[in-house]
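Look at the two complexes coming up: chain A is in both, with chain B in one and chain C in the other.
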Partner chain A sequence: MLIEILQQTINGLAIGGVYVLIALGLTTVFGILGIAHFAHGSVSMFGGYLTFFLVTSQGLPVLAAIPIALVAGFVLGLLIEIVAYRPVRHANHINAFIVALGLTMMVEGINLQLFGHEQIVIPTGLSKVFRLGGVTVPELRIYVIIAAIVLVAAMMLFVERTKTGQAIRAVAENRDAAILMGVNVNSIPLIVFGISTSLGVAAGIMVGALFAIAPGIGEGFVVKGFAVLILGGLGSFPGAILGGTVLGITESIAAGFISSAYKDVIAFVVMILVLLIRPQGLLGRSP
Partner chain B sequence: MKRTLTLLAWLVAFATLAMLPQLLTIKYYLHLSILALIWVIMAQGQNLIQGYTGYVSIVGAGFMGIGAYSSTLLGIHFHLPTWATIAMAPLVTALFALATGYPSLRVKGHYFAIVTLAFNLIIVIVLVNYKELTNGETGISNIPKPWGGSRDAYFYLVLILAACLTLLAALIARSRVGEILLAIRQNEDLVGSIGIAAWKYKLFAFVTSAMYAGLAGALYAHFQGFINPEIFGVAQSLDAILAVILGGSGTIAGPVIGAFLVVFLPELLRFADSFRLILYGLILVLATIFMPIGIVGICKTLIARLSRKGLRHGA
Partner chain C sequence: MLALRDLRVNYGAIEVVHGISLDVAAGECVALIGANGAGKSSTLKAICGLVPVGSGSVQFEGRDITNASGHAIVRAGITMCPEGRQVFPQMSVIQNLRMGAYTRTDKDQDADLGRMMDMFPILRERQTQAAGKLSGGEQEMLAIARALMARPRICLFDEPSLGLAPKIVASVFETLAQIKAMGMTILLVEQNSMMALNLADRAYLFEAGRIVMEGPAKELKSHPDVMRAYLGH
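Coming up: the complex of A and B.
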C-alpha cells in the first residue's frame, strides 16, 4: 500500500512537472495580457511533434533536436502574439478568447497536416529502470523531473532577478504605471509569448517522450493547465507550481487506486471543488 | 415602419424555408437543411448565454449529448413513445445544467469558459466509459425515427420547433429578464449594486440555453438514428460558438444565419478536406478580428447608413 502510494507519487511528479511547465506559460500570459491562451496546448504539442520529426526523419540526436524545437517555439510565440492577439488587444476579452479558440483549431489542423493522424513517441533511448526498495523509477522520469525543476527555477530567476523580468512583473501589477515608467508595452507581450511558448514546447517534448502525442491531446493538456491555474490562484507563480504538482500526484494516485479511465474526471472534479470552496485558489489572495 | 419590415423579412424567410422540401430536388440538401434547423435551436440557446449574457459557455455539445442520450435511453428502457422522450430530453438536460451551472457561474470570463469546457470533457469521458448504459465509443444505432423516417415530415417538425424557439428567444430578449441579461454583459457589478441578484439571471440563461441544446440533441438523435460520444465533443461546442459569432451575437437573426453557415460551410469546404480545420479556425480568427458584430451587425450598419443617405436625398 505504502509502496504503491510512493510509486504513484513519483509517477505523479513527472506528469506534474509537465503541468507546471504548461501552467507557467499560461499564468504569465494571463497575468500580463489577461488572455486565456487556449491554443497553448496545441502549440506545445507542435513542439513535441517537431522534435519527433527532427529525431526520426532528420536523424538528429535528441539533445540537438530539443534546443531547435525550443527556439522554434520561441519564434512561434512571437508570431502568435503579433498576428493573432495584437489585433484584439483592445477589444473585449471574449473576443481574445474566441481568437484563441480559432487559433487552436488552426494549430491542430496544421499538426494533422504536417505530422499525420498516427500517435507518436519521441525515441530517447533512455530505458534504464532504477529500483529503490519496491519502487521502480525509469531513468527518463528522473530526467524529466530534473529538467522541469531546472526550467521552473530558470523562469523564476528570470522574472525575479532580471530587468526584463521586473518590467514583466510591473506590467502585470499595474499596466498604466508601467507605461509611465518607460516600460515598452509592445515588446513585453512579445517576450512573454516567446518564453511561454518555449516552456510549452518543453512540456510537449516531455509528453512525447514519456507518453505519446496524438491529435487532440493538446486540448486536454491546456484544460489541465487552466485547472492548475484555478487550483493555485490566477497569475500566481508559486500557485502554479504547487497546483501542477498537486494535480499530477492526485491524478496518478487516483489512476492507481480508483480508475484510470476516470482519472481526468477526478482532476476536473478537484478543480471544481476548489472553485466552490476557495474560488481564489489555494494560494490566491482573496479579492 | 421598420418593425413591419423586420416582421415581413421573417415571414418571407419562414415561407421560403417551408417550401424547401418542394424546391430542393437533391435530397442530400434537405438532409443538411434539417441539420441546419436543429443547429438553429442549438445556436439560439448558445446566443442566450454567450450573446446576451456575455458568458462563453463551451459545454453546448455536451448538453446536446445529454439530450440525445436521455431521449434515446428513455425510449429503450421504458418503452416510451418518441414524442414523449423528445419532450423529456430538455428537462433531463436542465437538471444537469442546474448542477453544473451553479459551480461554473461562480467564476467569470475566461474561467467560466474553461470550467464549462471541463464539463464537456467530463460528459464525453463518462459517455465513453459508462459502457453498460451508453455502449461506449461504438454508440447506439437503430434509434427509432418518427413517421417511418419520412424526411419531409421531420423537416416540418424541426422547422416549426426552430421557429417557436426563435420566437421564444426573442420574447426572452425583449422581456425584463433579457434586459437584465444585457446589463450583466455590460457591467455585472453595476447590476449587483442596484440590488439585482445577477446569479439568478445568469443561471436562468445557462439552464435555458442547456434546454435548447438538449432538445436539439434529442432531435438530432431521432433524425440520424445513430449517436456516439464523439459527436458531442468540444469541437461541436466550438461550432455553436462560431455560429453565434458569425451570425451576430446578441441578435435574434444572427444564430439562424450562423447555424446555416456552420452546417453548409464545411460542405462547401469539402474540396479542401484536410485543410478544413485550418480554414475553419482561420475564418473564426478573421471573423472575430474584422467583423466582431457578425453578419447581422454588418447588415444593420449598412441599412442604417443607406437609410440615412436616403433621408438626406429626400430632404
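Coming up: the complex of A and C.
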C-alpha cells in the first residue's frame, strides 16, 4: 500500500511537472494580457512533434534536438504575439478570445498536416529502470522530473532576480505604474510569449518522451493547465507549481488505485472540492 | 525645463484639457491647484505619455516629447508619483523601490536604496513586506521614494496627500519640502491648496480644463478669489 502510494507519487511528479510548465506559461500570459491563451497546448505539442521530427527524420541526437525545439518555441512565441494577439490588444476581450480559439484550430491543423494523425513517441533510448525498495522508477521519468524542477527554478529566478522579470510582474500588477517606471510595455508581451512558449515546448517534449503525442492531446493539456491555475490560485506562481504537482499526483494515485479511466474525473472532483473550501485556490489571495 | 504649449487632452470625443500653456524652470517647484475634475491629472498623464496629447506640444529641456512613448519619457528624465500611489501591491517594498530604478544601469542603485530607507525609516522596517499590506501613508512614502529612485530631472506629484490623515499629510509635505531643498524640480498637483501654495514657488489655477490664473504662489495665496474658493477663507 505504502509502496504503491510512493510509486504513484513518483509517476505523478513527472506528469505534474508537465502541468506546471504549461500552467506557468498560461499564468504569465494571463497576468500580462488578461487573455486565456487556449492555443498554448497545441503549440506545446508542436514542439514535441518538432523534436520527434528532428530525431527521427533528421537523425539528430535527442540532446541536440531539444535545444533547437526550445529556441524554435521562443521564436514561435514571438510570432504568435505579433501576428495573432498584438492586433487585438486594444480591442474588446472577446476578440482575443476568438483569436485564441482560431489559433488553436490552426495550430492543430498544422500539426496534423505536418506530422500526420498517427501517435508519435520521441525515441530517447533511455530505457533503464531503477528499483528502490519496491518502487520502480524508469530513468526517463527521473530526468523529466529533474528537468522540470530546473526549468521552474530558472523561471522563478528570472522573474524574481532580473530587471526584465520584475518588469513582467510589474506590468501584471499595475500597467500604468510600470510605464511610469520606464518599462516598455510593447516588448514585455513579446518576452512573455517567447518564454512561455519555450516552457510549453519543453512540456510537449516531455509528453512526447514519456507518453505519446497525437491530435487533440494538446487541447487536453491546456484544459489541465487552466485547471491548475484555478486550483493553485489565479496569477500565483507558487500556486501554479503546487497546483500542478497536486493535480499530477492525484491523477496518478486515482489511476493506480481506482482506474485510469476515471483519473480525469477524480482530478476534477479534487479540484472542485478544493475550490469549495478555498474559492481563491490553494495559494490565491482571498478577494 | 518643461514647457507645455496649447496642450489639449481628450478622452474619445470629450475634451477635458482645453489648450493650456505652462512652464517649469529648473530647480523650481510649481503647483497646479483647482477643483475636482479640472483636468490636472489628465495634464500630468499627457506629459508622461499615459494618455495621448490631442494637440499642442510638450517640450522637455528643449526636446519635443509630445506623444513620445511613456518609457521614452521616463528615460528623458521625467518621473511621476501618480495619484492614488499605485504601488505594485504584491511586490515587496524593496522590489518596488528597485522597480523605480528600472531604467538605471549605474552602480549607485544600492546606495540610493539605502538613502531612501534612511529618508523613510518605515520602508527599511517593512522592506520585505508586500507593498499592498502597507497603510496609505506608508504607501505614499513608498511611491515617493520609488519615484526618486529613478533619479529624475523633474518629478511630478499627483495629489500625494489624497486620502491621508492630517498628521500624515503634514509629514508628506515635510518630505516634499525636503525633496525641494535637495534641488529637485517639482510639478505638484494638490487639492490641499494651502499646503501646496506654501510649498511652491509659483502656481497655476485650473478651472474646467483651462488655466485661469497664474503667478508666484504668495500672490495666489492672497488673491481674494483663490482665498474664497480654495483656501476656505
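Throughout what follows, the second predicted complex is superposed on the first by the 285 of 287 C-alpha atoms of A that agree within 3 Å, B and C clash if a C-alpha of one lies under 4 Å from a C-alpha of the other, contacts with A are read in each partner's own complex, and residues count from 1 in each chain.
Criterion: contacts are C-beta pairs under 8 Å (C-beta built on N, C-alpha and C of every residue); 3 or more make two chains touch, one makes a residue touch a chain.
Since the model is a prediction, treat every value here as computed from it, not as a measurement.
Look at A:176: by the touch rule set out above, it reaches chain C but stays clear of chain B.
Residue contacts after overlaying the shared chain place A:21 against neither chain B nor chain C. More residues of chain A are touched by B (comparison of chain B with chain C).
When both complexes are overlaid on chain A, the residue A:97 reaches chain B alone and has no touch with chain C. Contact with chain B, but none with chain C, is seen for A:279 once the two complexes are overlaid on the shared chain. In the overlay built on the shared chain, the residue A:166 is in contact with chain C alone; chain B does not reach it. Once the two complexes are overlaid on the shared chain, A:213 sits clear of chain B and of chain C alike.
Within chain A, no residue touches chain B in one complex and chain C in the other. Residue ranges on chain B touching chain A, taken from their complex, read 54, 56, 103-104, 106-107, 109-111, 113-115, 117-119, 121-122, 125-126, 128-129, 234, 238, 241, 245, 274-285, 288-289, 292.
Within the complex, the chain A residues that touch chain C are 163, 166-167, 169-170, 173-174, 176-186, 285. Touching chain B in their complex are the following residues of chain A: 30, 35-36, 84, 87-88, 91-95, 97-99, 101-110, 112-113, 219-220, 223, 226-227, 230, 234, 261-262, 264-265, 268-269, 271-272, 275-276, 279.
Those residues of chain C whose C-beta lies close enough to touch chain A in the complex are 48-50, 69-71, 74-75, 79-80, 82, 86-91, 95, 98-100, 102-103, 146-147, 150.
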